[in-house]
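There are two complexes below, and they share chain A, which is joined by chain B in the first and by chain C in the second.
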Partner chain A sequence: MSNQAYSPNFIKRRSFIELNARERASVFFDAGTSRELLGPFDRVESPWLPMQGVTPQEDDGCVVIKGKIAGQAAVVVALEGAFQGGSIGEVSGQKMTAALDLACADNEKGILTSAVILLETGGVRLQEANLGLAAIAELMASILALRKHAPVICLTAGTVGCFGGMSLAAGLASYVVMTREARLGMNGPEVIEQENGVEEFDSSDRALIWAIHGGEQRYATGLADALVDDDTPQVAEVIRRFVSKGVPPEHRSSQVALYRNRIAKLDTSRQWDPKEFRALWTTNASNEENR
Partner chain B sequence: MEQIEFNYPAKRKIAQRAHVGVVGSGDLEVLLEPAKGEVAHVFIRTSVDGFRDTWKAVLDRFFTKYDGVVRIQINDAGATPGSVHLRLEQAVEVSER
Partner chain C sequence: MSEYTGVRGTVWFRAFTGHASPMIGDPNSVLTGDAPLGSDHARFLCVVPDPHARFPCARHGEVGQEEGYTLAARVREVIEHDKNTIKRPIIAIVDVKSQAYGRREETAAIFLAAAAAADAYGSARLAGHPVITLVVGHALSGAFLTHGYQANRILAFDDDGVMIHAMHKEAAARVTRRSVEELEKLAKEIVPMSYDIRDYAKLGLLYKLLHVENPEKPSPPEIRNVQDELIAAIADARTSPVDLRNRLESTAARELRKASILVRTKLEAQWLE
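Let's look at the complex of A and B:
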């Protein structure tokens, strides 16, 4: 056997998924332009977790780095999936929202500033309940304000994926970037199984879950704009490309009539297989374009 | 969650602070900062209660070799003693880079 057989491409790659949030957030910037805002030594942690016997993290699982990407001002916000499942609490939510609002204010002053949000999250942090819900609502308002001026790019790489209220935030993004390993959806598989039973959705069936929530399916059905390998240089290149591309002519979430029509045409009396659904969805899409 | 504090004698000034790790299952976060005086102060918050003696054993061992005047904060999510020691050594390495 040749050496080639022993070292397939994924071994030579520099994994992005294996990086922590701070390392991930650092890879996009032009050399020497970036600085972290409200880092761990500023010690802005969740006041609510210690009260409930949970060890907090000094950055509350949210890393904010400001700098230049492809020569243009940008802010990157990364959620740490390993800390409390990347959940949104009062502090992490405020950090995200404030970062986007500052970017929006810069745009209004004439300094074009994009935002890149790295989502590894199960949604609201249950220990902070309403404060987390409020944070997501504020974040969505901030994305809507910012995306008029500059692109808001959401990247979900895995392995946590992006679920709950944060999947709605991702839905508002100018561009969504995913890996094959990532998942994007409102309710996570375990939640669906718990609420509707294993006949509805078997959360241990990984092939089924990735066929529905996985990056490949989301890209094939037009809910993600790019599918990337778990390769740091490639991920960084795609993000730079979307930053340079600017605001899309029409955001996905503004195409209400298009999606309403597609859903109306769907025969919901029977169970669709993910592959079949992909074919139908793309056929419908090309029919719509032909009209 | 349990809070534990220790002090160790120290004499060497350090120049740079360091942050390593994540408060994820089986891992921990270490914040190491230069301090004043002749003492190294360690402040631990751990999700697993009742292991004060184990923490003391790990830190006693660490401070047989390390003499930096520092303030160390540890936020722990159930790391094993081995992981704790490795993270401490990593923090020292980053602070002396």
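Let's look at the complex of A and C:
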């Protein structure tokens, strides 16, 4: 501790992003309370990948850990971005949905149980296409059911980010937590460029990508509830705080009039600079408050 | 292909409601109407192309911000109205090519607009409204998650113009580094990858496949028949749980979604340990 004055804070940080899904999912729990469910030794793998010459993984890239967070029952579900880009297949999707449904059933029995979902995913796993899309629809239904009882917290830390259909799952969350390295959006820059051309979105423009989808921007525009450093103790502390906070008075995705008004006031005849957009968005918000 | 998106949606919306216009204050891309259906008065919703839409990337039948929030508002209106009374059916007529792919959309968080619509449909279902989806054309990826996939029951036409999928062929081929021909060959062997609605039906997610000779020009008896099928689906939804478990309990699902069922069985056993 004697060199504390000389080392900058980031050197003392313990990176969260560098952890794998299993390690990430483990950091939130009260000591000695957690256990993994349907782990790699259960070997429930994707039945569809081997049919296409793709090696499956024993946990299908989804880790489920149950335990206590801040003294309260909770389940953490983490997607492994390093396996198939964190994509949602039949098994990984069903692990998430089933975990949330079991948490929901516990709440109905009077055992307050929250869920934390760690999203590093590009969305549907195209090798499982329609079962992946269906899994996301069912996960969304389960988030809606659970969040009536207890908070559903989505954390996206990076570096994959959260895209495609899974961005809708994040949109339904009680709370969204991001790092500066994380991105959250429906369509990635490459897809937009492919569909509507480089004038619409230059996917090689890294600065633009982070300026639009990055954690800092999402937090500045009120679309994420917390911005955290890539520091494991800090990430864990913020997640614990949201678990303790309980269900918000109104979920973001239910505030239709607020966001519909904001969209109505935007000048859509031109592109917006992301920094300028912060002002547009907030100005609109204060107008609403004044009315 | 794209010029057809919306034709079927408009045709069927008009067949059920007698008109094809948006409600006052809504964008032209969202049709909302109330009409009798059996002994109910149902709310019908449909997204159609608006070549003059405010958002340039949402002018060909894509689901973007305006569509998402309008659907959400029109569904929530019904939830609020029926708070203390019988929950009327909500019918989503689906013919949508995709979500809107644009920079403005991403900057202004299209994911939240999509989530808001899904939230409204899902909340309606949880509140006891029979939410029934009729897929008359395309139901693709984020657009279907936004508009239709939260329904208690999903019906579709068994027709080559009907497609439910995670991504259109060309993009899916690019992303998985295959040619369109390779993808089509693979899609014939791997049921969840198939673009054929009859294969989709094997997944057990559909309540029923309906046949209409020409979905772009339905005859009055065909319309009545589809209405009867919707009425039957409403009755079935009203006597069933409000969650989506039926999608795993069908005979087809027990065959094709064995892995899903295994996950649920094992996870539940370990959860309770």
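The rule is short, and it goes like this: the second predicted complex is superposed on the first by the 282 of 291 C-alpha atoms of A that agree within 3 Å, B and C clash if a C-alpha of one lies under 4 Å from a C-alpha of the other, contacts with A are read in each partner's own complex, and residues count from 1 in each chain.
Heads up, the rule we're going with is that a contact is a pair of C-beta atoms (placed from the backbone, for glycine too) under 8 Å apart; a residue touches a chain by one contact, two chains touch by 3 or more.
Small disclaimer: the values here were computed from a predicted structure and weren't measured.
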item: Touched partner set for A:57, first chain B, second chain C, both or neither; value: first
item: Which superposed partner A:41 touches (first chain B, second chain C, both, neither); value: first
item: Touching partner for A:266 - first (chain B), second (chain C), both, neither; value: second
item: Which superposed partner A:66 touches (first chain B, second chain C, both, neither); value: second
item: Partner chain(s) touched by A:159 [first = chain B, second = chain C, both, neither]; value: neither
item: More chain A residues in contact [chain B versus chain C]; value: C
item: Touched partner set for A:252, first chain B, second chain C, both or neither; value: second
item: Chain B versus chain C as contact partner of A:213, first or second or both or neither; value: second
item: Partner chain(s) touched by A:134 [first = chain B, second = chain C, both, neither]; value: second
item: Chain A residues contacted in one complex by chain B, in the other by chain C; value: none
item: Sites on chain C touched by chain A in the complex; value: 54-57, 65-66, 69-70, 72-73, 76, 98-99, 101-116, 118-120, 122-123, 125-126, 141-142, 144-146, 149-150, 164-167, 171-172, 174-176, 186, 189-190, 192-194, 200, 203, 205, 243-244, 247, 257-260, 262-264, 266-268, 270-271
item: Residues of chain A touching chain C in the complex; value: 37-38, 42, 44, 46-48, 51-52, 64, 66, 90-91, 94-95, 98-99, 101-102, 124, 126-138, 140-141, 144-145, 148, 164-165, 167-172, 184-187, 191-192, 194-196, 200-201, 212-213, 218, 221, 223, 251-257, 259-260, 262-263, 266, 268, 271-272, 274, 277, 281
item: Of all residues in chain B, those that touch chain A in their complex; value: 1, 17, 19, 22-25, 27, 29, 31, 33, 45-47, 73, 75-77
item: In the complex with chain B, residue positions of chain A that touch it; value: 20-21, 39-41, 50, 53-58, 61, 80, 82-84
